[in-house]
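Letters A, B, C and D mark the chains in the order given here, with residues in each chain numbered from 1 onward.
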Amino acid sequence: MGGSSWMGGAAPMAEITYREALNAAMCQEMDRDDSVFLLGEEVAEYDGAYKVSRGMLARYGDRRVVDSPISELGFAGLCVGAAMSGLRPICEFMTFNFSFLALDQVINSAAKMLYMTNGQVPIPMVFRGPTGAALQLSAQHSQACETYYVHAPGVKLVTPATPADAKGLLAAAIRDDDPVAVMEGELLYNVRGEVPDEEYVIPLGVADLKRAGDDVSIITHGKMVHVALQAARALAREEIEAEVLDLRSLRPLDVDAILASVAKTNRVVYLEEGWPFAGVGAQIVSLIQDEAFDDLDAPVLRVTQADVPMPYAKNLEQLAKPGVKAVVEACRKVLYMPGTIT
Amino acid sequence: MGGSSWMGGAAPMAEITYREALNAAMCQEMDRDDSVFLLGEEVAEYDGAYKVSRGMLARYGDRRVVDSPISELGFAGLCVGAAMSGLRPICEFMTFNFSFLALDQVINSAAKMLYMTNGQVPIPMVFRGPTGAALQLSAQHSQACETYYVHAPGVKLVTPATPADAKGLLAAAIRDDDPVAVMEGELLYNVRGEVPDEEYVIPLGVADLKRAGDDVSIITHGKMVHVALQAARALAREEIEAEVLDLRSLRPLDVDAILASVAKTNRVVYLEEGWPFAGVGAQIVSLIQDEAFDDLDAPVLRVTQADVPMPYAKNLEQLAKPGVKAVVEACRKVLYMPGTIT
Amino acid sequence: MAQATQAPVKNGEAPAAGDDRDPAANRLHGFSREELHGLLADMLLYRRFEEKAEEAYAIGRIGGFCHLHIGQEGLAAGAIKPLRADDLVITAYREHTQAIAKGIPPRAVMAELYGRVGGCSGGRGGSMHLFDTTVGFYGGHGIVGGQIPLGAGLAWAIRYRGGDQVCVCFMGDAAVNQGAFLESLNMSAVWQLPVIYVVENNGYGMGTAFSRVSVTEMEVRSGAYGIPAHTVNGQDVLETYRFFEGLAERVRGGAGPQFVNAITYRFRGHSMSDPVSGTYRSKEEVEAHLQGEDPITILRDRLMDAGLLAQEELETIDAAARAASEDAADFADASPQPDPSTLYDHVYAEINPHGRLFLDGRGGSHG
Amino acid sequence: MAQATQAPVKNGEAPAAGDDRDPAANRLHGFSREELHGLLADMLLYRRFEEKAEEAYAIGRIGGFCHLHIGQEGLAAGAIKPLRADDLVITAYREHTQAIAKGIPPRAVMAELYGRVGGCSGGRGGSMHLFDTTVGFYGGHGIVGGQIPLGAGLAWAIRYRGGDQVCVCFMGDAAVNQGAFLESLNMSAVWQLPVIYVVENNGYGMGTAFSRVSVTEMEVRSGAYGIPAHTVNGQDVLETYRFFEGLAERVRGGAGPQFVNAITYRFRGHSMSDPVSGTYRSKEEVEAHLQGEDPITILRDRLMDAGLLAQEELETIDAAARAASEDAADFADASPQPDPSTLYDHVYAEINPHGRLFLDGRGGSHG
């Protein structure tokens, strides 16, 4: 369970929040490498809109922790330019919802640069911030943005679900020589968990089995891991043992872990926060039918946000979001359980 | 095959180019509705970068055919604003590659507006221009953009492959009360075909069987229809009868046509110009496995662009693009034919 | 220290305030006693309404982000009240009072904050997305700068149809650093659109003083596109009203796009989670503005000084404002939540007879 | 008529041309005979190189888009030659001669246009994406305005490391209408970055005269962000050289970001498919520029007038330019196409030991 330590040994742990874990990862990397800096809106004097960078201005000064104007296209592009020159920017989007404004620089500059320069100009940088919905933030502030970052080759994408993963994956993202999007969750920032005190890096591309089970696989990523775990606990009460595979990294994608889970349970539900059409889940279904067709005892079901912009009203928002009930339902359905509503 | 006429009767036809068909659709709609106007870079005095709007400035004047500064975010947003007020803008992107700059207005304004206003503010407009690769235009000018427009609910998307479809679908898109992206192809503009002279509208959401066949279904959209037809002809020489289903409209999606084809051939190849990860094909595979799992005799295979930014060099570009050979190969593979290279 | 604390430079068009008392005629600045009471009543309503919203937020009746306009009411009244009913207003997310000023009933605004069907956006939009096209209020937009091209487009449509309305497009001071600002102002100038861009310059974008993200003053930002710039003291509702009254007429007459730097100050935190002072502005700074720059106090004092307002009149007006706010809250409370069956409504205006629009396997009846 | 035809306003820094002949000392404008011949040779090389590219395009050796700089060579030489080797240049897609000016060998540029491994981007980039970081040339960008924030970022990195290089960021006149322009210039001003933004003002963005998409003159576009504007005659390579020499030193010394409106003219169509004249500019207009505004002719005539260039010297220089261009084309022709096995190289700099990076079922060996 939880983030696996890749540093070996029984490392000393502290229970800290996801927010603090991200902060720890940035500090860890900024301590060891002067070329790492943090730039974004409100990251410095305000300690971050969600306080992720708390104390970092005081610790590193305004050369390395920099408040930007509200100019997403410009500051993302500026960070790409700095990365072209070999620096390692951490570009914070207050939320990824605002990064549509910057998408041209993400895709046309960051993702394609190395290729068009024949390997001369790597872009060793991080785009990070929360993705997806929080509570009642309405349509423009509640969008899961994974598809926009994972479709084009050239960018990597990780989605830590726990504090330990947050520390280890963000650290790995900063060290990686490619542009890596780190998609967090506003609703995760207060989640607490054990995190190694010492230097901690989780290699990109390694999924994590957050719960083992024989009957059905719930494969997921990001904050939906917690929904999946709740669903698994609910299913356990019906004596259905679901395993919860947290992909953690969408690109690189841990195909082996996916296939192993499919081979074990033969039944899969993909759970994600975003919309269905050309979502991450579509890709995972396609991959599974392609490489594990014969392992499947039922079609892979997907649980996603309703295919609507996120409504503000509390009751509609709850309906639109993928929830525990829908996951339980889907698991029962792939198990061809009686009483399943179709 | 080709575009089916929805106007009934044996309409008089002329053989014109895809470019002329688009022009005819715009003129047809501008003649009947003063609220339709065309705005974009070089659309007026220059007759369009690809001459799609040839003669329209002369015909409609500079009130309705308008050259814009190179300000994609701004002019796309201006068109959305004009649509909020009930006009029916046709917003031309010189190519969709440049529309990443405008994506915030497409998604956060155009797609979400109707929902957040509780139905008060429809956005009856069109975003149009070529998508995907032409010849050796390199990474930043050769991207298929469908995924970015189809993921978010609130936008519709059509991809005409023939001159008749170009006329009928663009006309329907202009008349539709929602934002519709019309993705064309630079390499299609010179394609000739029969197009009804008279008023011609093809309803959105109706796929077109461009070729019938019993052995395998090649499902595709946009300019790849022509590659699929070539592959089908090559397969026919081996006595394999492939059918080519042109989705034409990705949203609304003609699920019935897809399922009917799957039920008929039991073997499917999805061909698209873009990248695989969270591509349109991923969605179609997911849909098929979900709704026609038992009809499949083999996993659905996908043929896509190589998962790399488009290289400039002629030989690499050819390798990167999905071609006839790859489609033939994939069809043979889903047919479990001997000699298939895996 | 942000420029909000500078003495605002007055624009030539607005008659100078302070020397225009005409007690004999019962007028101030050309406004009748009735008009003056009306403006005071408007601003008091805005204030009480938002105080009520603040309360409702505290007890969880309102969720999500909620950005109060308290302190900036002079601009809602002063810039919007002089407009014609068929003029258009578009703005950002700090828009409760602007919505009321343009004519959305307080009940419909409050119900929207509550996320109820009685809300002006049916409960789907929330605080940041208030809309009522019947009164010419076009939202309520959450992406900083996102409304600027939309405002240009609304103005485009006016020109296209040959109308004589104007579009007023509000934005915060931080929004002028968005590329959309350049693109929209430039197009507006090239096409001479009937649009007035108004920066509600409260000196801060969240925790960032404008002076930290700009080396120039706000006034020079529009000159690059040849758009005339004006500065107005948004805390003086009478000056502001007269100024916009004149400017709107000039734009109606074909003067082309305009840029207004309206100096104001935010009395609350950026949103409900941001403390009023502490991090990025001192208690003293806020206190000084509360004392000297409250648009409501300023008007009240001037009216009283001029003998145009009695204490009991003030109390009556305020009581009405409080009552209307209570009433709005009661209405909101009583308004039902949206019917769950409407989840898939209004994603598309046109449900095409062919094909599937919703791919989640749930919105089936619609696609 | 675009502003390219206006008499360029000369910037104070550049010594006035025309009255600076010093034949006794064999100097013009302070340049030695050798330096003057060097600049002429540079520009002639650019011209012949692109004429060769034009030929190669016509016979299909070069594909895709190809944007010639012919007519604008004064700016490639004049703005780039005075820079230090470790200064950085970034630009748009009309960049062949800028790449050569910064030090990419003509062979590597031509081979890139041919899409061959010997190209400076290994044949993967093509005409619009020339790169060679060893000489400080950072592309070659195809999205109009896309290089502007990147240029700010390169300058950011210089400042971050405490270096004294400058970054020169070129753009076309049409690019100033991109939002990226506002955002980048503003950030550069706020952070006082060592960057010189140079508009190659050839009067047109494709078929659109600047005057059709701007009501203001180019000079006023940077003032909104407090960035000093300069205008220079890009057809006068000597003036341009001296101007950039001085400006680069001032930026090196901490003068902060600068904006240069460099007046020039494009002698060819926008790209290979666009006719030289006809649609958006008259034959006469182009002819007038060809006659009076050719940077090469201007320099040649001045040198000859001053007795600093003999006819046979000119011929020798030109022959060398032609030979180098031939040589570049021969080299390109002989250079092999990229190895098909490299298709998946350089998508990622770091191939992580875990997980799959390529999802097409083909790039297997890499992921």
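Rule of thumb we're sticking to: a residue touches a chain if its C-beta (ideal position, glycine included) is under 8 Å from a C-beta of that chain, and two chains touch if they have at least 3 such contacts.
This structure is a prediction, so every number in the text was calculated from the model and none was measured.
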For the pairs B-C and A-C, output the one whose chains share more C-beta pairs in contact. B-C
Relative to chain B, which chain's C-alpha centre is the most remote? C
How many angstrom lie between the CA centroids of chain A and chain B, rounded to a whole number? 31
Between chain A and chain D, what is the gap in Å from one C-alpha centre to the other? 41
Between chain A and chain C, what is the separation of their C-alpha centroids in Å? 37
Multi-partner residues of chain D (at least 2 other chains): 121, 123-125, 129, 141-143, 146, 177-180, 182-183, 186, 190, 212-214, 347, 357-359, 361
Among the residues of chain B, pick out those that touch two or more other chains and give their numbers. 68-69, 71, 73-74, 97, 100-101, 104, 108, 115-116, 138-140, 153-154, 251, 275-277, 283, 290, 302, 307-309, 311-312
Under the definition above, what is the set of chain B residues touching chain C in their complex? 37, 63, 68-69, 71, 73-87, 104-105, 108-109, 114-124, 153-154, 156, 176-178, 203-206, 249, 251-255, 283, 287, 290
Per the touch rule, the chain B residues reaching chain A in their complex are 73, 97, 100-101, 103-104, 107-108, 111-112, 115-116, 138-140, 143, 146-148, 150-154, 251, 274-283, 285-286, 289-290, 293, 298-302, 307-309, 311-312
Parts of chain C lying in touch with chain B, wherever the complex brings them together: 88, 90, 119, 121-125, 129, 131-133, 138-143, 146, 148-158, 160, 179-180, 182-184, 186-187, 190, 345-350, 352-359, 361, 367
What residues of chain C sit close enough to touch chain D in their complex? 177-183, 186, 189-190, 212-216, 220-226
Chain A contacts chain C in the complex at 41-42, 45-47, 49, 67-74, 97-98, 100-101, 135-141, 275-277, 302, 304-309, 311-316, 319-320
